[in-house]
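Two complexes are shown next, each including chain A; its partner changes from chain B in the first to chain C in the second.
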Partner chain A sequence: MAVSKEVSASNEVVVSPGRLRRLWEGLSILFASKTAMVGLVIVLFWVFVAVFAPFLTPYTPLEQDWKAPNHGPTSKHILGTDELGRDLWSRLIYGARLVLVVLPISEDVWLPGGTALWGVLVALLVGTTLGLIGGYHGGWIDEITMRLLDAMMAIPVILLYLLIMAALGASAVNVVIAITIVGTPGIARLVRSLTLDIRTREYIRAAETRGESPWYIMFVEILPNARGPIIVDAMLRVGYAIFAMGTLGFLGLGLPPPSPDWGSMVAKGREFILAGSPWAALWPSVAIASLVVGLNLLADGLREESMRYQ
Partner chain B sequence: MKNKEEIHLAIYELKDDLEKGKLTRREFLRYAVLLGMSAAAASQMAGLAFPRRVFAARIKRGGTLRASGAVQKVTHPAQFSWVVPSNELRQVAEYLTYTDGNNVTHPYLLKDWKVSDDLKTWTLTLRQGIKFNNGDEFTADDVVFTMNQWLNKDVGSSLLGMVGAYLSPTGIEKSGKYQVKLHLNKAEIAVPEHMFHYPAMVLNHKTFEGDFIKRPHGTGPYTLEVYREGERCVLKRRNDYWQKADDGKPLPYMDGMEFIDMGREMAPQIAAIKAGEIDMIDLSDAGGTDVYQALKDDANINILPSTTGQTRLLRMRVDMKPWSDNRVRMALKLCQHREKILALAYFGQGMQGQDCHVSPIHPEYCQKPIPKYDPKRAKQLLKEAGYPRGLDVNIAVSSGWTDVVRYAEVLKQDAAPAGLRINIKTMPTSQYWEKWTEVDLGITPWTHRPLGTMVLNLAYIADAQGKPVAWNETRWVDKEFSQLLEQANGTLNVDERRKIFCKLEQIQMDRGSIGIAWWRNVWMVTRNRVQDAEGHPTLYMLFNKVWLRT
Partner chain C sequence: MAKFIVRRFLLLLLTMFLVSVAVFLITESSPGNVARNVLGAFVTPDQEASFLAQMGLDKPIYIRYLYWLTGSDWLASRKVGLPLKRITREGFVEWWAVREDGALLRWKLQGEDLIAIVNLGDGFVNEYVNNERWHVDEKGVSSFWGVDSQNHVVKWEKGRDQKVWTFVIGTGWMESSGGPVQYIPLKKGFIRGDPGVSLRTGRPVAKSLFIRVRNSLVLAGIAFVLVMPLALLLGMLAGLKEGSIRDRVLSVGGMMFTVTPEFATGIFLILIVAVWLKLVPGATVFGEKAPWERPDMLILPVLTLTLIELGYILRITRASMVEVMKSPYIRTAFLKGLPYRRIIFKHAVRNALMAPITVIMLHVNWLMGGIVIVEVVFGYPGLGKYLLDSALFKDINALEAGAMVLVTIAVGTQLVADIIYTFLNPRIRYT
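On to the complex of A and B.
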């Protein structure tokens, strides 16, 4: 026991400063880039309102006030109300929750992590695995996997989303599946190209000589060394996923009503733009645009700074 | 004026009812005209001056009306399933009758009709001297040919279900060059209305070979010059049209009409009519609420509203659980807060409904109270039906019909206190139409029909083999209801007919398969240079006498 305590204590002493240092180095890259900082502030704003949504509004996103539909901003409803008299600020920040904080499996069951984040995460898992296997093994496995993914990439993205959602039906889980299917080929291609480069390095030869298993080499030796471009790509993909959610919602194939889905809010609200009530369409459009721009700025800033740093 | 002997005996009963105040003048006109009396004679009998359009020198001839409307792929007019193509082609081919904006039906290509006392033999007399635009004369052969097309199973017309219920091909008799007799299998008074149903265009028996666009030979005021699917439809005035204007010259007043397919998006169409690039938006197959909202205060736009029998039907399949239990159906119906639904889903532009498919504008309508929103009673009914913890149900709706989605959203919220947890399943409109008769719970749009009997015969009865008819989407068949409807189909006296409808409506409200929260208004939307256009509950474009102000 005494020995293990010592080992544990010594590990803490040795490892913790290393992790902290790496974290500080990462953050210093972030802080060094003004572009990344602007992006971070925008993204953090949406994350904050999404996490604390229940404390930031007295209304629920589904509460209808049938005497006050399509009202402009007032002191009671700071962003106005939609066509069913629902508070737009509530719907906007609960909509951010769906994107960034929670994944609704059903009316009562939720998973932590937003729909867009889950979509990108699952796409990352699948795409990374396929890319690593294809890139490391090569041969017929690589050929078959990559030709199949090429075929998927040949289909226009919107069309692919529509096909998948029309086949599966509108729900949050199906949106995650659609984002995964559409995102996987691009991630697999990226990881494969990184793997092809890294597998020629000396330390991979050394690992092979040591007799490490292929899975160990792929996930412990290669993957950590490919993480930089993958993280930047993932950030951009979260932006694409938010756009995808907006597009699907706009086309009526996203999260089913009455979810405060930003895309469907725009679709419903645009009916009233020409009638003099642009608010219901304006705010979710601004939300989608700002969050995607924030994520892109963050990813661009990180990429530029990390390249300079290297 | 007709001789006394030629007037249907029932008209005297109707006159009696009118004098006793049992009938309104409009109802008297409707029934007298249906029984073969001319509108002018019926108006005189009712003590009304027949409204004649006084020709004023201000009417200008010339100009082309530009309208936005879908230019769909069409071949056989009897196969039309949308009003829009009929609005384009009704300017080229015409109908035997026409039902005006007040729901009164008049002879059109017919000179008149007579009906036997048992309402089973109809004698149709054609106007003489009418020519198709290819020079062929319009005769009884064309009427017989056209009706046989309706009743031909291979053609697959929706008229087969409507007219085929009482008429078979052997019942159509050519009794003269300008006369046709219809021998019906059973009594029916809606024959003239059916002859104006939008797929019932009269075809030229000599030239029609299945594709009207290839040989667009009709009796109408315009000829078809261009018909490009998805693009445009161009119509040009013909000079030998049979109807004369009040100045004695042939109609129409305009030189032509042009329909431009601007897609389904309303924003560009609203912008185009505001800018004067088009003169009207054909809303016959579109929602129109966004157009109404955007243009209602525009001084350059005329909006002609019509109250209708159009509705959004909350329909439940009675052959599927849990809707096979009337208590569950009633529970859902009780969850409709009708005033709120009308206000939010349709901006108050219509009338509240009563869960029976008879609109207050139908002549047979029997007034019923509007059912109250009652979630407590709904909860109790669900408990009695074996769902003490409530019930999860899916409702299928098209995301393309925004008022339907709003209806579903309001219903979802208002049904929650009763324990009905509704999941809204949205899908594209095309997908909804693929499964509209199959889903257990959904909201289906139903168009206006001039008589209450027409829609009840179409959707709430069984065929001769006992199977629900094709458009009976809820599979609801009720023996007592069917017998009463059969009786109503052959009952002329309006009081008696209304008495039957009181029972029919009550049965649908008590144990039927539908919820009707509201009846929709529709709008004919034109720029104000379009003169003398009239609103119509089905938004049929009856534009022979429309002219354009320069």
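On to the complex of A and C.
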């Protein structure tokens, strides 16, 4: 199967009905699994509110209503307000924006694609490159990178986060860097093991005989054939990244205040729980839990259904 | 096997070395400085410089790393020309030089005179003028390396006594004269069992760290004891019949608890159990008490950890059980007509337990992350909170020691997992 895919890709004879049918098959797997559908609905909900956040609330996430701090849900503020009287619903959906839709680089510069997504993307780039080089070249390059990555994996993740964030300071870009550093070793190992398997195939030998450069072989011959497991892994990693982003925010190492970061909202709201206003801590907790659970339901359902399919 | 263990042990040492260097470099390169954290914002440059010199923080980073790792007393002893001795009096560490006849000595500078202080034991001292120890160099400058009363080896120069600002945590500044021109703070070094003094609390790291590690171990231990049997049992129940209602409920439920961030689970539990049902306190305040003296405050943190870990182990056990139940030898057992109980308990369970036990050990790495968060959520005075506070304060000694403890636990459990695995599965040989 891998060979036939490779042939169609390298000869550039992609028949569009075939691609459509594959897409349809993929979607029917999705629709067949109830778990995946539930997950998809939750994830799509958050993507929707994140994309259309400015149209879904009359308030900005920083607007303070001094007359109503720490209020429960009312008709004016449907989810209530936090200790500064900021509307929790708008903070929540702008928080989703930070996770899924925009990466704030500085006060005026924003990149499309959420902070968590960028973290996974950069980790994928670095990890894949390291894994491909290590797996394809072998020898001392492989030995050194793998030993270093082993040592890195032995460091408790939370310690890595603490050190990186304490060193770099709290900002969205640094959250991306932290997620990248923590995620890279795992991806590199996965890609390396896939590469070790694929490089023994005939079409790699054919490419070598043709005299293709190592970079061409790594990125054009090997990588496309290893994409399946990498994509599944990446989906799970998006969940981890959101988890990590929330955790960093909760520890005060995430996006700096006053940005509506879910983790730091919980950390701030936690102080007022025992004082009788739990809303500011409750909603962001619900948000992050539902989004991560949704992503995992989706990934789980897909994996289960595709296994049954085979 | 022995070779394998030795190799893993060397990997542990290598990892610890790399982490300790990384912690030093990272703390160094980061913005903000520890002097401002300790002294506050309203400090004069002179005071800050004096403080940095006394703490040895003005030295280049490789010297500080060397002192941290191997101690500074061997070098200082060479400067003084006398052996140094560390004694503990009323819980405080004191360094003294040992005179040729065995008496313990310290010095101070009074005007142009060098005063030697002899330790007579029980806090009594005897002082005498000790000007014959001045060492005159070729430029005619008289200088002397000796031990001062704040556990430094210092260099005094005649006629160049400096103003000293001594900062005592909780008391404030003390200004005095008779200060030296160079300081070497005395310590034994990490590899000789002395992680130094915390800059944040002013107390020895080893003491606070011991209590913190103990508290964290209590928390993790109780959670572990609760989780293991429950998760293995539920996992096997779920895995008995793949795709059944029971399986779906257990594995989806387990997944939900596992992937939810610890702080969210903690908040939910506080809201439900502490605020709404008012059953147990929602925060842990131990004061001087040990955690087991207030078991009601332990309930929520333990419950949070349990929920997080439960789902993870449950799912691994389930996957392993499903695989075993599909294997030919179980089918054979059924076809032979063995009773159901016997097949499950005698044939399936033993093989199904192999994977989870090793994976649990590998999971310790993640578990520690969970503990840090749980400790912060509930204000539990454990290792994680200590590390977080130290990292934010740039308290290098505390941070290094805590990091070393974490790395040892992480790598150590992996080694244990590998060893257990070879016993459970004799087909595996490590060479």
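As a convention for this text, the second predicted complex is superposed on the first by the 291 of 310 C-alpha atoms of A that agree within 3 Å, B and C clash if a C-alpha of one lies under 4 Å from a C-alpha of the other, contacts with A are read in each partner's own complex, and residues count from 1 in each chain.
Everything below uses one rule, namely that a residue touches a chain if its C-beta (ideal position, glycine included) is under 8 Å from a C-beta of that chain, and two chains touch if they have at least 3 such contacts.
Because the structure is predicted, anything quoted here is derived from the model rather than measured.
S.K.: Clash or fit: how do chain B and chain C relate after the overlay on chain A?
M.R.: Overlaying the two structures gives a clash between chain B and chain C.
S.K.: Quick check on the superposed pair: does A:I155 touch chain B, chain C, both, or neither? Answer first, second, both or neither.
M.R.: Only chain C; A:I155 stays clear of chain B.
S.K.: Of the partners chain B and chain C, which touch A:V51 in the superposed model: first, second, both, neither?
M.R.: After superposing on A, A:V51 lies clear of both chain B and chain C.
S.K.: Does the superposition put A:I288 against chain B (first), chain C (second), both, or neither?
M.R.: second
S.K.: In the superposed arrangement, which partner chain does A:P256 touch: chain B (first), chain C (second), both, or neither?
M.R.: So A:P256 only meets chain B here.
S.K.: With both complexes overlaid on chain A, does A:G169 touch chain B (first), chain C (second), both or neither?
M.R.: both
S.K.: Looking at A:N296, would you say it contacts chain B, chain C, both, or neither? Reply first, second, both or neither.
M.R.: second
S.K.: Quick check for you: in the superposed arrangement, does A:A32 touch first (chain B), second (chain C), both or neither?
M.R.: The answer is neither, since A:A32 touches no partner chain.
S.K.: With both structures superposed, pick whichever of chain B and chain C touches the larger number of chain A residues.
M.R.: C
S.K.: Give one of first, second, both or neither to describe whether A:L274 is in contact with chain B, with chain C, with both, or with none.
M.R.: both
S.K.: Quick check on the output: what are the common chain A residues between the chain B footprint and the chain C footprint?
M.R.: Correct list for chain A: 166, 169, 251-252, 267, 270, 273-274.
S.K.: What residues of chain A sit close enough to touch chain C in their complex?
M.R.: Listed in rising order, the residues are 35, 150-151, 154-159, 161-164, 166-169, 239, 243, 246-247, 250-252, 263, 266-267, 270, 273-274, 278, 281-282, 285-286, 288-289, 292-293, 295-297, 300.
S.K.: Could you list, by residue number, the parts of chain C that touch chain A in their complex?
M.R.: Counting only chain C, the residues touching chain A are 11-12, 14-15, 18-19, 22-23, 26-27, 29-31, 252, 255-256, 259-265, 267-268, 270-271, 274-275, 282-283, 365-366, 368-369, 372-373, 376-377, 384, 387-388, 391-392, 394, 403, 406-407, 409-411, 414.
S.K.: Can you list the chain A residues touching chain B in their complex?
M.R.: 62, 64, 66, 69, 83-85, 107, 166, 169-170, 251-253, 256-258, 267-268, 270-275
S.K.: Quick check on the complex: what are the chain B residues that touch chain A?
M.R.: Answer in residue numbers: 266-267, 270-271, 289-290, 293-294, 340, 343-344, 399-400, 402, 405-406, 408-410, 412-413, 421, 423-428, 431.
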